[in-house]
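Letters are used for the chains, namely A, B and C, taken in the order the chains are written, and counting of residues starts over at 1 for each.
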Amino acid sequence: MSAQSSENRVAQAILNGYLAVFFLYMFAPLIVMSLAAFNAYDYPSVTQWRGWTLKWFSALAEDDRILIGLQNTVVVALGVIVISLPLGLAGAFILTRLQSRWTGLLYAALVSPILTPGIILGISTLIFWRNFDVPGGLFLTVLAQSSFIASYSMLLFMARLQRQDRVLEEAALDLGGSNLLVFRRITLPFLYPTIATASVIAFLQSIENYNTTVFAIGGDWTLVTEIGSRFRFGLSPVINVIGVIFVVLTVVAATLYAYYRERERKRVLAIELELRAMDRQARLAAKRRGPEADETAVPLPARA
Amino acid sequence: MNELLRSYGRGLTGLFVGLTIVWLAVLVIVPQAMMLEQSLWSKERGSEISLRIDRAYTELETAKFDLAGDLAPDKKAELEDAVSRLEAEIAELEAQEQDPPKVYGLQNYTKMSGLHFNIFVKTIAYAALVTLLALVVCYPIAYAVAHLSTPRKAALLLLGLTIPYAINELLRVYAWLMILDYQGVINSFLAAIGFVSFEAKTWVPFLEYSGSVFVAMIYAYILFMVFPIYNTLETLDRNQIEAAKDLGGSIWLTHRRVVIPHAKPGIAVGCIMTFMLSAGSYAVPQIMTRGKSGDWFSQLIYRQFFESFNWNVGAAYSFTLLIACIVFIFLMMAIFKVGIRDIAK
Amino acid sequence: MHGKNVELSEAVMRFGDFTAVHRSNLEIEAGEFFSILGPSGCGKTTILRMISGFIEPSEGRILIGGEDMRGRGPNNRPTALIFQNLALFPLMTVWENVAFGLEARGVDKAARRKRAEELLALVDLAGQGGKKPTELSGGQRQRVAVARALAVEPSVLLLDEPLSALDLKLRQHMRSELREIQRKTGVTFVFITHDQGEALTMSDRVAVMNQGRVEQIGSADEIYLNPRTPFVATFVGQQNVFRGKVAGLDEGLAQVETSLGRFLGINGDGLGVGDDAMVFVRPERLGLVGRNGGAAPGNQLEAEVEGRELEGPFINMFLNAQGLPLTMHVTNSAEMPAQLAGRQKVGFRSEDALVLRAGDLADE
């Protein structure tokens, strides 16, 4: 027994040490990158320290290519949401309800874009649309990104739909609801939270994407491809400023989310406690109402 | 289909089916098929055709010269015929030279040079190595988050894993460049303790080692390994681990016999995703090697499209990469004995 | 609102090779509280789903108010179903739940709201319409489900074990509430349950089902006192069972030769000499011979006392008669010895014993 626990203790210590190293690995680059945003040196660096400055923040505000890139990024991301959510929803509805020996194959086909290297999605989109004389650009970027982001939303919707209580649909049908009404009042509201989640994830994946975008973007640019091309043609700490802004936004969003979750959890807990009290009172009332309600075993009819 | 119709009615079912077909056709299948088609032909601008054009021009010039002389009417008509015939032939040949006919075949694949083939093999090997390293690095993390932490601590760890993803892949990699560069953080530290000297350029050339690409790549794609494993481990009943330990199983045995078998689908998915992302990563090697040394296959593909403008070869290389990824997926499914349904959950 | 009668005529339900409901005829009268009682998997839920229209019978017809229901889906039948887990719509408020059926019929919002409040008042939930179902207690949710079903003014209300999610005390309370609502509205209630207590206390009539067949239909008294099959006899209440062969007949009585001796009982199935038979005796009809005075009963046997449980008003005695376990309820009176042990002579009157053709017993 003691051997076991000492083995555990050693393992725990090793694991804790490993976690520390791991998170150093995760965060050191972030810290380096963020610090360089405040360095007055013209090239992103933390080793050539020329004093603290905020000038790169104002430089970012005047950098037209970056600002246009940002605007394009948002346009593309919104386009991706508009296209990939309906597609993902449709696929999820079919895959959760279609009982056929082709379902497995359809599933494989619909998730395949996730398992395909991003550059290939970009290339195939570019080749396909050249037949219609559509050159690379924001439109093709939206389509190329949607091809795999739709798969991600589909998986999210499927996970949700599999947890759906089918009886609710039956109940609504039994009460006279048409398919359309049931869909509008029962199924869609059930999916609203997932629609929100899927939108956020689609948005994040879109703005983050580089490998697909770089092939489909043509002469246009997004924030990310602009950063990519600056690696060749000279960098400035403006790039780091963008990183800092994203980190701050994420931390703020995560904190707000955690706060909201905690509040929601407390609210649900309070309701449950109240309900338990209500049930207890109902039981007491039933007891007081008399022995007729207090039978425990099988109630036997009067003997003949 | 009955189930679908009963649930959603004819109108909605039709809409869903239509959208799915459009998605599959326009965004997935047809573009891939066209890429395959593009990889299967080429337009050869042969030297033979320009020879024929030259020869026809010479004949034409001769005929025109003859025409300019004094000639019998029947001879003259014959020569005029020859001129127009030659002019037509030249036009046709020139059109062919401008836009040579498609020649179908495997030439785009078979013509891959030894250098390019080496790069392909190296890329696949490196991607497999990155996948293996990422698995080794991530498994303990996923396990720790899923089973060894209090819920609050687990949430914090997950947040810690997510925050680096706030910044773009390019920036994540770029941060590593700043650390590993000749005058980067590590070398500056080494210089400060007198280990290397910038003046004498005795710094450690991390960027010239392929290991630096690995470090950045694992960093860039770590979440894709951690989360699938974490998701499966989270569904493992803690009592099973306790029971295994209670029965005297060592930590190693417990993991080998209880935890890892349960995590198999997650491990398979994590490996597939990491391999696919690494093998197809354009950004990481581009930034870490600054396009100078040690090309990866993805960089080669990019250059075929945007520098050599040889889309046919580019398509062939892309398709080769796709096949490699598909083979890897089947390999993982066979090794971990998981079905397609378990993948990408 | 008024009830309609429901008729199953030669109805059969098959799923592939499996027959869930064998050819059945069932007549449920208008305005009656009718229960279908049986163990899980006996086909009772299938019958309910056939009536509600979620499935069509493979053969035969279903008539409601004399009208053939074939081809009419659940949304086109004068029925409303209360689901086992109630199936309240969690994202709608209570009143929206109640008014959903009216929404489906295109009733405008103000009218819907008004009607919902009336129905909520009917089930003692006035003023609770603005809450979400998760903010209600188990019993309250139950009543919302009833109100929601009543909102579509069904002629027949189908209830699929709706009390099974509640705890015991609340369940008993809800029994009387449901009965009360049925009386107030006059709607035909078809109540599915595996709980005999529920079926016997609430219903006007009960159908007992086993393995896809309706074994008996009758009032609670009939089912308990005159079971017509070994299954019904043992599924409802407790029984002591003796197996044997009919050895003789006597004016509606049959004498059965068993390994424990010859027993005389009411010949419930009109058996002939030589038929395989079972003799059923309720624990409360078994008694110690030579106590309580009176004439000694006609059927007697010896059994070893193995244990006793005090139930309060009576004592549950566990006996063993040559390997056959028996149960006997003895009134807890002053004459009862505190300790009763060893070999005892027990017996029962022939009019308290029922002889039926041997058949399947309930597992319980």
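Keep in mind that, in the parts below, contacts are C-beta pairs under 8 Å (C-beta built on N, C-alpha and C of every residue); 3 or more make two chains touch, one makes a residue touch a chain.
Remember, it's a predicted structure, so these values are computed and weren't measured experimentally.
The leading chain pair by number of C-beta pairs in contact is A-B. Seen from the C-alpha centroid of subunit C, the farthest chain centroid is that of B. In terms of their C-alpha centroids, the spacing between subunit A and subunit C amounts to 50 Å. The centroid of the Cα atoms in subunit A and the matching centroid in subunit B are 24 Å apart. Mean C-alpha position of subunit B lies 66 Å from that of subunit C. Residue positions of subunit B touching 2 or more other chains: none.
Of all residues in subunit A, those touching 2 or more other chains are 178, listed in ascending order. Residues of subunit C found to touch two or more other chains are absent.
Considering their complex, residues 165, 167-168, 170-178, 181, 185-186, 189-190, 271, 274-275, 278-279, 282-283, 285-287, 289, 292-301, 303-304 of subunit A touch subunit C. Those residues of subunit A whose C-beta lies close enough to touch subunit B in the complex are 4, 7-8, 11-12, 15, 18-19, 22-23, 25-30, 32-33, 36, 44-48, 86-87, 89-91, 93-94, 97-100, 104, 106-120, 123-128, 131, 143, 146-147, 150-151, 155, 159, 169, 178-180, 183, 207-208, 210-211, 214-215, 223-224, 227-228, 231-232, 239-240, 242-243, 246-247, 249-251, 254, 258. The residues of subunit C lying in touch with subunit A in their complex are 52-54, 73-76, 79-81, 83, 85, 87, 89-92, 100-101, 103-105, 134-140, 148-149, 151-152, 167-170, 172-173, 176, 196-197, 200-201, 220-221, 224-225, 237, 284, 311. Partner subunit A is touched in their complex by these residues of subunit B: 1, 3-4, 7-9, 11-12, 15-20, 22-24, 26-32, 34-35, 38, 137, 140-141, 144, 148, 155, 157, 159-172, 174-176, 178-179, 183-185, 188, 219, 222, 245, 248, 250-251, 272-273, 276-277, 279-283, 286-287, 290-291, 298, 301-302, 305, 311, 314-315, 318, 321-322, 325, 329, 340-341, 343-345.
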